[in-house]
Structures are given as C-alpha cells and as structure tokens.
Amino acid sequence: MILIVKPGSTKKDLDKLLNELHGQNFKTHLSIGDNTTIVGLVGDTSLLDVNEMRANPMIMDVKRVSEPYKRANRKFNNTDTVIDINGIKIGGGYFGVIAGPCSVESEKQILLIAENIKKSGANILRGGAFKPRTSPYAFQGLEGKGIEYLEKAKGKYNLPIITEIMDISDIDCFTNVDIIQVGARNMQNFRLLKKLGKQNKPILLKRGLSSTIEELLMSAEYIMSEGNNNVILCERGIRTFETSTRNTLDISAVPVLKKLTHLPVVVDPSHSGGRAYLVPALSKAAIAAGADGIMIEVHNNPPKALSDGAQSLTMEEFDTLMVTLRKYVELEKKVISINK
Amino acid sequence: MILIVKPGSTKKDLDKLLNELHGQNFKTHLSIGDNTTIVGLVGDTSLLDVNEMRANPMIMDVKRVSEPYKRANRKFNNTDTVIDINGIKIGGGYFGVIAGPCSVESEKQILLIAENIKKSGANILRGGAFKPRTSPYAFQGLEGKGIEYLEKAKGKYNLPIITEIMDISDIDCFTNVDIIQVGARNMQNFRLLKKLGKQNKPILLKRGLSSTIEELLMSAEYIMSEGNNNVILCERGIRTFETSTRNTLDISAVPVLKKLTHLPVVVDPSHSGGRAYLVPALSKAAIAAGADGIMIEVHNNPPKALSDGAQSLTMEEFDTLMVTLRKYVELEKKVISINK
Amino acid sequence: MILIVKPGSTKKDLDKLLNELHGQNFKTHLSIGDNTTIVGLVGDTSLLDVNEMRANPMIMDVKRVSEPYKRANRKFNNTDTVIDINGIKIGGGYFGVIAGPCSVESEKQILLIAENIKKSGANILRGGAFKPRTSPYAFQGLEGKGIEYLEKAKGKYNLPIITEIMDISDIDCFTNVDIIQVGARNMQNFRLLKKLGKQNKPILLKRGLSSTIEELLMSAEYIMSEGNNNVILCERGIRTFETSTRNTLDISAVPVLKKLTHLPVVVDPSHSGGRAYLVPALSKAAIAAGADGIMIEVHNNPPKALSDGAQSLTMEEFDTLMVTLRKYVELEKKVISINK
Amino acid sequence: MILIVKPGSTKKDLDKLLNELHGQNFKTHLSIGDNTTIVGLVGDTSLLDVNEMRANPMIMDVKRVSEPYKRANRKFNNTDTVIDINGIKIGGGYFGVIAGPCSVESEKQILLIAENIKKSGANILRGGAFKPRTSPYAFQGLEGKGIEYLEKAKGKYNLPIITEIMDISDIDCFTNVDIIQVGARNMQNFRLLKKLGKQNKPILLKRGLSSTIEELLMSAEYIMSEGNNNVILCERGIRTFETSTRNTLDISAVPVLKKLTHLPVVVDPSHSGGRAYLVPALSKAAIAAGADGIMIEVHNNPPKALSDGAQSLTMEEFDTLMVTLRKYVELEKKVISINK
C-alpha cells in the first residue's frame, strides 16, 4: 500500500505517522520528491481499509498495490479449483452446461425440460423457485414447491440441480439442491454470504449489476472465509449506458478473473443480453474467452413463460445450439462431463 | 403500454394476439403504418412485465407508457407525505438533519457526538451498528450493543435514532429504533423489503449504486404494498466511470423524485462524495435542489474512525456547516423541527 | 413514433395537436385510456427529433418505434455489404485481419512489422501517423512522414494500409491510404464525417467511448448520406465503472449490429482490454460472436513503443495467436482473403 | 509515479530497470516487501504515459501520484483565474449568467431573446450557429448567418456573445464572437484545441459525455499549452445508466474542479437534465455547489424551437427564475457584473 503524504506536512508530522504505522507492525519506505512525499507500506495490508487510511489528515491519497482478497487469489493458490457436483465437474478443463427455465412453473414443465436439455447435452438443471422480481406485483416463484419439482427431475434424469436462494430462512428447502445460487442483487448481502460459507455445498455467485471484478472476488472471499471454498463465479452482464441489450456482457471479465483467481468462471448469456437471438453469439464468445461453463435459459414455451420469456431459448433452439457449442468447447480442449 | 408488432405478421396472427389481450381484459387500439404496426393497450398494465411481453413471437418491442408503481406515485396521491418521528417531521416543508458517526464505536463516543450534533442543530441521530463491509476482514459493527448505545443517546438527548438493518433476523434489536435504514446494497433484497413492509415504523430506503430512479420507486412499492407507507427515499450517489469521487451524486434525482412521488427525499452527501471536503458543497446543493433532508457523517476523531473516516466531518466542521445550511433551508422556506 | 399526451389536456388541445401533425403529412391513430392518451404517428418519422417533440406542452413523452437511420438499416437493404480493398474483402463471409503498431515510429520499424504480420496471416496493415493523445505533452505521431513509411510497406508487401485521420485539412496525405480510420473521440465530429462522406474510399468508424449503438449507426449515416457507403464499423470498448480493463469490450454489440445493419463489423481487442494478455481471449470471442474482422496492435518491441505498448503483442505472440484464430474463423465458415 | 515490479523479477532485471530510469533523469526510491517490490519515481513525471510504462515487462502496474496537467493545476497557481469579457467577469467571485436559445433561428428571434434575458439579469448571450446534431437529417444551424444575427444583438444590447465552433475552418466567422465554445463531442478533438490555443479570446470548454474530470483538465491543458490561458470549464452532465434525465449532472465536479484548478467552472443545467422542469432545481444546486456561472437555454417559443425545445425555458420562466437565483448568488457572496 502506498500513502501519499499531504503537501506541507512537517518532519514532525511525518515522524508521527511513521511511528503509528510501525506500531501496527508495518515496515515503511520513504520516498521524498520535490512536490510529493510517498510512504510505501510493507506487511499484510489486506486488513487495511483504503477509506480509513484516507481519513488521516497527514494522508492525501492511498493506493493499493496488492489485492485485498486472499483465499480466492491465484497468487496464493495457482491450482485451478475443480468443483465436483456428484460426478459433474466444473473448472480445470471441465466445462459445465447449466440449462433450464427461468422459473419452475409445474412438475410437468420441469420434467419435460429436464428430459430435453439432458438429451441435448446439458449436464446441470437450473430452475428458479424463489424469484427476485423488481415489481411486488409480479410472479414470485413456486418457492418450496418449485424445489420439490426440481428434485423429481433430478431423480428421474440424474441431473444435478441449481436454484437461487434469497433468504437464509429458506435454507431447509435446499437440502437436496446441488448448487446454491446467489443472485446479482444479493452479491453484497454479506450476512447471506457468511451463512452460505458455513454450508458444505457449491455456491454459484453472480456478479452484481454494478459490481467491480474486485468486489465479486471480495464477496467470494466472504463465503470462503467461513470455510466453504466451493465457489463458482458467474458473469451475467453489468449495467452501462447502452440500452439495446438488457445488460452489457463484460466478456473481458472472463480472462481477467482467470488470471486473478483459481475459481471457475461461468457466463450467463441469457441475462446478459436479455434477448433470445443474442444467446448463440454470446455463448460462443463465452467459451472462446475461456469460460468454464455457461448457464442458459431454456423454456418449453417462451411466450407463455411466467418470467424472462424474452431471453429463453426453445428446447429445439437449445438442441441446435449445443451442436455448435460442442465444437467450440472442443477447440478450447475442454470436456463436458456427463452422468449416465 | 405499446406493443410493436413484428414486421411480416399476418392478419391472422394479429387477430390471435388481439384476442389474447382482450381475454386479459385489456382494450386495444391498433395503428397500422407502412413499416410498423402498433397496438396500444388500455387497462391496468402495472401488473404486466415488459420482458414477458417481449417473449411473444408476434411482438418486436414493448414500451411502457405509465409507471409500474402505484402507491408511491404522485399521480394517484398528490399530497406530500410527512413522516412524523416522535415529533420530528420530514417532508412537506419539514427538513430533516440526520447526523452521526458511520459506526457506533462506544457508548462514550456516541453520547459525545449526540450531544454535539444536537447543539449544532441536527434533529436525528445516525450510527451504524450492523455494518455492510466489502471485506470480510473489516470491522463489522458492534451489532446489538451498538443499538443499545444509540438508545442511551436517544434517551439522554431526546434525539430520534436511525440505524441500518442487514437481516430481518436482527429485527428484535430495532424495537426502540425510530427509523430503520435499508442500505444501498440491500435495495433489491426483496424479502427484507416485504418484511419491513409489515413493520409500523419509518423506513429510510437508500438507492442502490446502479439502480434507476424507477427501480428505487419499485422497491418503495414493495414496502408500501405490505402496508407500511412511511418510506423516506435517500439518494446517496450512483456508480459511474468517474473516479475522483467515491460515487457520483445524482442531484437531478431530487427534482425527478419530487415530481414522480409524494414520498420525502433525503440526500447523503457523505457517501456520495466519499471525501469530507466535498460535504459542504454537496449539502448546500442538495437543499437547493429541493431535498427534504440530509444525512451527514460526523465523527469525534475521523482519522481514528473504524469505518469511513475519510468522509466524516469533525464535530466542529459540522457545527460551522450548520450555520450556512440553515440559511439555505430558510431560502427554500423549509423548517427544521426540533425536540426540546 | 408514439406521442404520450399530457394528462388533463382538453379535447380542443388534442384536436389542435392532431391538426398540426396532419399538416406535416403524418397520419395519426388515437388511443384513449383511463389515465393516458396516446397518439401513434404514421409516416416518415426519421426526420423528427425526439427532443423537439417533447418540447410541445401537449406532449408528456415521446417513444421512437422505428430507427432514425435509413441507409445503414438492414430493414431497407438486407444484403451484407462487402468492402473490397484492392482485392482484400471484409464483410459477407470475408474476415479481415488488420495488424500493426499503434504508431508508425520509423521506416525500418514499419517495414519489419509489415513483413512479419503478413507472414503470420494479416491482410491489412495498420499504423498511426496522426495520434490523438490525452496529453499535449505526449508523442503526437510522425504525421505525413508516418504515412509515407506506411506507403513503402504497402508497396513492398502488397498490403492495403489503414491509418487515422484527425482533421480534414490533412486529407492530402491520405491519397494512397486504403482505409481511413475515424477514431473513437471523433465519432461525433460531424463535420469530419460529412467530408469523409464525399471521399470514395472505405472509412473505418470506431464507436465512441460512451456512444450507443444507435449513435454509431447515426454517425455511419452521416458518411453514407453524403454518398460514401463503404463504412466499416468498429467496436473498441466502452467506458464503464470497471477499472480492471482499459475499456469494457461490448461483445454484444457485434450480434446487435449484425441484426440492425448490413455494414461489416470489426472488433479492436487491443484498445478494449488495454493489456496484451487479454488480446487472445478477446480476439477469439470477437470471431465467435460473429465479427467480420479484428484489428490488433503488434509491435516489434512493445516496452519501447512510443504509444500503447502495454496492449501490443510482440510479432511472435501475434504469429502464435494467428494459428489459433484461423481455426475460429474456419469454424465460423469465414474466409481470410490474401493478396499474394 | 509508483511502479509496481512484476513478482519474480531478478535483482539483475531490477538494476536494469533502475538504470533506465536514472538515464531518464529520474531519482528512484525502492521499497521491497515480502510479496511486492515498488519503485517510487521522483522527477517530472507529467511527460510519462501510464500505458507506456505498463508495457515494460518488468512492470506489473503503474500508479500516478501527481497530476499530469500543469498550467491548469491549482498547485502551481493558487490564484483564481478571472476571465474578463469586455467588462463582464467570470471567476474569482464574479458569477456569469449565460442565456439564450439553443439555435439562432432568425434575426428577429435573437434580438427579442437578447432584449429579454438582459432585462432579466443575464450578462452574456448564447446562441448556436454551427450545430452538432446526432442525425444528418436534422437542422444544422444557420452557420455564418447565425453569427451575424448574434453580432447585431451584441451591438444593440451590449451583451458579449458566445457560440460553438465545430471546425477550425470556420474561425473567420468568430472574429466578433467574445467566447468560443467547444462542445462536449469535441472535447477531445485535439487538433481543434491546439488551434484554439493560438486564439487570444476566451474558450468555454464543455466536458465530454464520458470524460473524466482529469481528461477535461488535460483538454484545457491542450489549449493552455499553446498560450491561451483564458479557459472556462463547463460541466454539462455525463452519460450514465439513468434514463429519466438526458444526462446525469455531475454536481460534485464543481467542488472537485475548484480544488484542482484555478480556472472558472460553469454549469449547464439545460443539457444536463434535458427537461425544462429540472432547470430551476439544477441551477440553484449549481450555485450552491460553488459554480462560477450557469448557462441556460431560453427560447421565445420552446415548442417551436428548431432544436432542444424540451429543455428550454420561456423568457417568462427565465425572468422568474432569475429572481430566485440572485438570492443564491448573494448567499454565496458572488457578484453578477453587468454592462450598462
């Protein structure tokens, strides 16, 4: 960490600052220029808060040099994390294909979709039961009932299931869920993250609409700091000024994250674009950029979907798309593991 | 709501679409141009989801004409909501001055600050007890103990208190809290909002870092739809590309919100700018733009603050600032109500 | 175009508005709801300005239904434009590989790079001669001399050349330049665009840092409205809150543009990411998303580059990358045309 | 400037880097930590380009400590610049009120508006003659004729005039113009800036839609580096995700700029909000935040304006607003200078 000293500070002030820092067990290196004096701080600065340091009247500005996350940091653990979900693997050369409807709507619906996406080559079934909706007047999901239907599909088609949690008080419903999803709007619901850190099942953590890559990693760190290292990161589009897409898929986040962390990175092309016609191009781009998996919304009848129909593929469209995607996965020398 | 029909749709398709809409009790008006056919939908469209409508293969695009919120909408209730907090009023000509430290750090600290801000003219005391921090390694607040200290200050100085809730499981700690704050990161924690809608005390709802004004109003609607109409909105800066401030204070949100809703609007200049030197200019601007209150971080010793010291005023700076701010409040013909 | 009438307008006001619109040769369709009255406008609305319409005191809001661009619009011309640059083609199944240094630095340098990128498989040579730099104290390019060096490379290696224009007064230097580039900062320099519309050579138009896709197409329309239809669009990253990349590559812009326009779309992964390590992932993603070409910065000695070294590949890195990229281009069934 | 050395670099590499830097006349200070080695660079780093430094394979990251602008920097010149326009002053306690139509439409129109705004208390007349329009099909301004009409108004009402330049080839039209405006879209048209740096009249430089405050100052530096120090900065709203306003007025830019530079700062509430109803609140906020002037669009008949009618005040609205604004200017202890 670099501290830039306020111009006009006296020698005495500076000594006082240095003494304080030494008292906190930091070593310091001083660099005195004509206009600017800089203090380099050596030691474990991950516990320091940049904003607190700035409050010191001696300090004009603070610049962080090393990342504030540790467990998620590739620097301290250079082996790709491979998440194993009952035999289905994601990360380290294994590519996950998560597919299913935005919302579970009925037992019949989810069984039909599960059967079809499995045939097409998906290896994990998604479906929303607890739905975060902008409007209190919109369909809020089948809740516990929805998860029951997912479990039936899981049993019948041997597909691990993933669904979103909105409140830790619902955790009992998630006993047979294989991956718990944290949605974009809850990425900084720190109390929820901490509690999920005490679960021993994989967490798929979606990036918030306006969260930086570093903040996403800090949220992963919340989960990991409680002991759960099975975190999958998910890029799902950020909010920008552009309105021709629902969100702006930050495709660069994939190679940036692969460099900074050993955790697997999945892309959600459905929420990023918000329109079904964009899903093929964005899915291919995600694979080509190095993603460890994709998460695609597939519906038996998109125009009648109870949520997010505009961005859902039909089961036929998904089947056709998978033919192409497999070629891209192969070109990246990755494997889609399948449970028979 | 306007539906733009996909080019090349047949007369038969169009009739089918119109029949569906009539079946949902909407009246329709058809406008057929050379290149574009448009359906105007008449009826209560607040329950319709734009994204669902777009999923219809007949529909190329959808444009909302009326707002999706009702209870918060000034169109349906043109009287300014005045929130009464034990005699202290906010809204409808009453200006609230909320001040206090980012975090409650000790009983002594909060009593000292409470005494001083009251003398300077603040009428509500703030202080964080449950703290949302980006890093799991940062100070997380005194929690229940912090609220106890706030209550002592409340009793001793007759100042209503406001503090942030992060999880509904902590609600028992909030029995003597006068205003419950929902932080920016929880603005779309819909489960929390619903539960707060069942409380009968005022909720201060902060705008999310990347939430639109409409989304802020939809989140207010979540609280109001459960019966709690005592919602205070708070603009606290949005996330943009500019890095010379912590966030970008969206000052225009004040007049926009005053036009769209009858709810009071408060501005937080401390979190917006992130630097103490910006607080005076932004506070004055907030009043001049029509805000119904401001919320300012004040600390007895900012460089030693356990959180957000960089943006805190000293008690002396706050006292000086209040002399100026009173003139601006007066110019706006507003009143700062005081409990003796 | 949809006009939403201000609530409370009288029948007389409405008739007056309709008469005005009929006087401008528009047909109107009226849709009267309980809370909202809407006027659908039928006719050529591409000449209308949304902001001007909003100024009418009768009108509360205006929503555009059809695109304001015509010549660039795929609706009116569904055949992919193929740009032919002395035999090298871009668009309609032809993939362009534009490579070279950020700045031309010497004759020797540009000849060396040209020879190498040609061997590696690039088919167009780039190199900046007039450089837009944020600081007036930074290297501003070799100007006319730089273009002379490019011409030598063009002659020796039979490679078409592209370089950026900053001011129309320099146009004489561009006589032997094959593609004139308009940089992001000049995307809305409308006077320059108009003048380039009178040139009869291809223009590569870069998207502005904060320009919407629609604004990019309107700028293309400026060039085309003067008679020059040879416009290549270039996505090069937009400005967002994320700071771990120089800009945020808007990969979705590729499929969105391919849907809206018949013009070819090229991606610049070098400026998007701003770091050399990101170029391979972003280049592959661009091809997979459907781009008609890429534009990559390659330098003989990046650490010594006079500009943008951080994002330049070495000639060896580019050579290795091209082996991979060819497989992606092939998978997309596109062809890289080569001049012997 | 701080250089963060790539981990794993050898002592020999480091010595080489230090030697290079010493060769460029920088002094260096080394700070070696457990995980990170840092080089502090002492000397005139304003000529260094952060992106170039990053290209060095030894360097992992670069952080700037001192600002890259000099002439505009308050650190090197702490006296507020006062711009004198034929007796009308802006800056250093003098407040400028610039008013007039978006576009000059006729001699009669501009004379009428000039007469009225002068009566209401404006001290500078604005009016667009060369208009930057997103669409090539929109009204492009009266050009030279428009400036002639402005000159007549200037003569008749003794009001200095300001109008926008789009291309240096039009400079002859600006002989009698008092302040030359550079629009947001041309803020980084560096060739134009350099040429305006050779003019000896004040330049009003508008901030680009997605330009940082530092980039605005660097563009001012372009003008000043050629010898013209009479630069007025103008905040006119930035582009964000929020769509309820045309742009987002970055009100914090006012106090930030006042801290960083001695140049006067003016706010344009009309373009920021894009709606007339927002102008009063934003104008008051601008004054309260410390602006040295405001620039307001006023039109004799906004619904019939040839451009930007939606954001124009009527002459009556402007007159009423000025009564209020004068009180705010007074509270800020500033003076509006008037030519009789």
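We just call them A, B, C and D in the order they show up, numbering each chain from 1.
The rule is simple: contacts are C-beta pairs under 8 Å (C-beta built on N, C-alpha and C of every residue); 3 or more make two chains touch, one makes a residue touch a chain.
Only a predicted model underlies this, so the values are computations on that prediction, with no experimental measurement involved.
Enquirer: If every chain is reduced to the average of its C-alpha atoms, which one ends up farthest from chain D?
Expert: A
Enquirer: Please work out which of A-B and A-C is bridged by more C-beta pairs in contact, and write that pair.
Expert: A-B
Enquirer: In angstrom, rounded to a whole number, how far apart do the mean CA points of chain B and chain C lie?
Expert: 39
Enquirer: Could you tell me the distance, in whole angstrom, between the mean C-alpha positions of chain A and chain C?
Expert: 31
Enquirer: Whole-Å distance, chain A centre to chain B centre, using C-alpha means?
Expert: Measuring from centre to centre gives 27 Å for this pair.
Enquirer: At least two other chains touched by the same residue of chain B: list those residues.
Expert: In chain B, the residues touching two or more other chains are 210, 239-241, 243.
Enquirer: Could you please specify the touching residues of chain D with respect to chain A in the complex?
Expert: Going through chain D, the ones touching chain A are 2, 4, 7, 27, 29-36, 38, 40, 42-43, 61, 63, 65-66, 75, 210, 239-241, 243.
Enquirer: Touching residues of chain B toward chain D in the complex: what are they?
Expert: Going by the criterion above, the answer is residues 210, 212-214, 238, 240-245, 248-256, 259, 272-273, 277-278, 281-282, 284-290, 327-328, 331.
Enquirer: Across the complex, what residues on chain A touch chain B?
Expert: 46-47, 49, 51-57, 68, 132-138, 166-169, 185-186, 188-192, 194, 208-210, 215, 218, 221-222, 225-226, 239, 246, 274-275, 302-303, 305-312
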